[in-house]
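The two complexes that follow have chain A in common; it is paired with chain B in the first and with chain C in the second.
On to the complex of A and B.
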């Protein structure tokens, strides 16, 4: 399914000229008919809609987490047991939680923490992976083998388990979570970047640079690194939603952020008891706040991936 | 004198594509290396330009044995070779405008100040107009790009030119133009040339002597008697 997207894109872009009925094909020359594959235009429109909806959602989320904290401060201690577990209403659009705090506000603050963790962890992970992968690819030989065995070693441990080990070594807080996610997620980027560097390195333009007197450093920085930057940037964007899920998973397990922080994972965890009491909103809204923005981000990243890398989609995992 | 002695080279140790080949190019001499595709002549050219480490054999440049290959070769030795490859698309960094492509070796060797003057001088010499110099490789034709690649090979004034199927992708008039540029450069500087190709007519017209790959493989000496520095 994915492949048919790619192969038909160019045909879809080359729109029929004026005066031709859409969908019937334009006559290029007598006897030559330009066939349009069924479904092409529809798929293209679907993709465009998806990109715009994703972009709109991401913009709205970024705006919300930047603006709302300026207008409404979050008072973690504003416990009001008289208003606990109120269903969504006009004064509390998402309802209140089990100690009477406004869920909408906590969701926005939770998303802010999640985005911070996601973006920073993704940048650190991809930066680390790019450095390691580029080093392995550029040096080759013994260093390459050693580094890639290290990558294999890290990969052989389930990464959530490794992440739990790492957060368990520190006091709960934002930075241990970022460290934990970053240290467990540089592996795929390192592999991708190494493969890319290896294929770039054997190209004649690198030979030409060496023959032109370029140092190792200059070859790496001026000729190899710019070639892998689109891949690394894409890996970073794809990593953000993944890192957000990890933060939530760690917090849900009680290992991530301190319990009083507004974190989506903590909120979902705390809401489990209320769900049994019939209150669905403390679970639903934080869950939606977790899923919708991350899917929107992933949608944007997917569109970018199709642009820069139409034929190799399976290599990059979400 | 550029001497390749008993070169065995390849990409897998057990299956060398070049075995026991020797070849000598005298200063100022032009040698054509003629062979069918896939015979290993490009690999030999890469070895000669110090870009590929052979499994066995030595390369001696003006009496000095090359101490290493690629980055392990001293910069001054590496840059005494100007290399032009077969496919300009692959041998040009897609991000560099043609002017930067030509000037890149000057920048890489710390002679940034000379860059614009050198480009202004070389571009007309290889037949590139000013508007082409601001374009990137994907915006020019193969022939235009190969002209830029030749200019890049000449910008450091190398003592040796290695042209690996330089004109294989090009039409006859561009071929003639590029060969004329190489010959003008050699006439001015006295540089030696190793031209690798499969076009016998071209190489025999272009070069002082032409060596066939089949005569070369496994031989100890290829230089015919009477040929050498004096013949150049």
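On to the complex of A and C.
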């Protein structure tokens, strides 16, 4: 991300590259036939398949965490030591935990907690980043420089360490975790939004609007905001997996959510005793529940990014 | 690539400039740490007094408050800590019952050992996999490697660590599940350490692997489509020579120069992996300090990590200037 504040502008002016439509390249270099042009043929099809699979998985996850708790309340999950640590079977597809509760149901509830915290934290982080980035880009001058120094300052402390420090000081509770994630994750959004505002400000239609007598407010709302919103939205979608990851790491370390808000990270931590007793399923399944939505969201966000930034294809969706 | 001599003077100037720039950053971070602590509900007096604080009289608590210097304003406490830190006194760790400097001195080496091993492993394996994937982008191997990389990127390191413990320590019984030495002995022989560091280093390397794989794949893959490679192919050079000498060299350089900027991710991974494996390093101490709200230790370690990140950035820029003379050492 080191060059992210310049990349947007490069995209606008870059020469046609491997991402351009077939035909334009051939026109530039007649007689040269390009083998393996990315973005055509089966690669485009696999991308489409990936988007649909990702969308399906995200839909399934959202549906599961919304509907399952309505159908099966966690209260029927009575402690039953006679059924403790049963391996996966037909009646308990994920097996049971150390006090005999069904792990599949617990994973769905854990995912619900993790997703909820992740989405709220991502929204707070992106909101903060958008506000700071837009302000820096719009004001310019010393305000911009000060804000960018602040961003540099925050990025020189490792995310998880800063997060650990913040939760350690404000623990326990849900809000310290959200605060910790938001304060460590607004930087990338601020950089992206600032770059977008700067690039928009130098476009002719903004000049035209200003010389046509539009007020600052009108320029901001009518011309800058619509340009920035897709980037901010994309940042928010990309941020959710990060936020979930961060929350689960904090919770695993025993510094995150309170133990009764059994997120997936807390479940993995609680399963350590069972793991040493040889039961792998209370560890394996909550982890898989963390990976699948992350990959699905990243797949969706990657497709969205290809739409709004065609030049920045593919790399590092996470 | 023979080179007459390195531009030592320019590199030294850049290092000096960065060291000067690091001073305000570190000052700001220390102040930020104190400001966060001051804004939080955390009370150092109660933390220091522990259970005794529940029964102690208000006068005793006030006396303690004065002794600890907590009754001073934020700036005063920060200044006090800072001047003491410059003389080498970082305070005492309440959880580990030792001066903070001693804790850091005892544990830093183990963390560096773990991180260095993991990093080397990640670079070696990541380069091999990245080149293999880049040879035919879109091919079966490429898709397998890329999918694996994305999956590993999404997998939390602590989860990978626990699964590794289950597989290697419990099922196969080939490697110990954690710690630095076998239970019952305190003697840290090289053989014991090697056996105990293997699993955490492997897991930390796997957690760093996706980044290397994907960047090497991208760098080498792009280089394979550029003119020097096309020229080499046109001259009829062997595919192996083209791949390893032309594409890998130009594709790997940008990746190697970015290595220094991976320090934050390495620290993040170490925080989780050291905790899973009870590795007696500095990252595990950080987590313990955070759990017990051991402020002196936590503050010192946060500053230390920031210094490490800045040093990593400097290394990155120095390497970049060396690799690409057009960039130079002016940053």
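One rule holds in what follows: the second predicted complex is superposed on the first by the 269 of 318 C-alpha atoms of A that agree within 3 Å, B and C clash if a C-alpha of one lies under 4 Å from a C-alpha of the other, contacts with A are read in each partner's own complex, and residues count from 1 in each chain.
The rule we apply is simple: a residue touches a chain if its C-beta (ideal position, glycine included) is under 8 Å from a C-beta of that chain, and two chains touch if they have at least 3 such contacts.
Note that the coordinates shown come from a computational prediction; the quantities given were computed from them, not determined experimentally.
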Room on chain A for both chain B and chain C (clash or fit): fit
Chain B versus chain C as contact partner of A:67, first or second or both or neither: neither
Touching partner for A:218 - first (chain B), second (chain C), both, neither: first
Chain C versus chain B, contacts on chain A by residue: C
Touching partner for A:164 - first (chain B), second (chain C), both, neither: second
First (chain B), second (chain C), both or neither touched by A:290: second
Chain B versus chain C as contact partner of A:209, first or second or both or neither: first
Touching partner for A:59 - first (chain B), second (chain C), both, neither: neither
Partner chain in contact with A:146 - chain B first, chain C second, else both or neither: neither
Three-chain overlay, closest Cα atoms of chain B and chain C, distance in Å: 20
Common interface residues of chain A - those touching chain B in one complex and chain C in the other: none
Touching residues on chain B, where the partner in the complex is chain A: 46, 49-51, 70-71, 75, 78-79, 81-83, 85, 87, 90-93, 95, 104-105, 108-109, 149, 152-153, 155-156
Sites on chain A touched by chain C in the complex: 2, 18, 36, 38, 42-43, 152-153, 155-162, 164-171, 241, 245, 248-249, 252-255, 265, 268, 271-272, 275-276, 278, 280, 283-284, 286-287, 290-291, 294-295, 298, 314-318
Contact footprint of chain A on chain C as seen in their complex: 25, 28-29, 32-33, 36-37, 40-42, 137-138, 150-151, 153-156, 158-159, 162-163, 165-166, 170, 177, 211, 214, 218, 225, 258, 261, 263-265, 267-268, 271-272, 275, 286-287, 289-291, 293, 298, 301-302, 305-306, 309-310, 313
Contacting residues of chain A [partner chain B, same complex]: 203-205, 207-216, 218-219, 222-223, 226
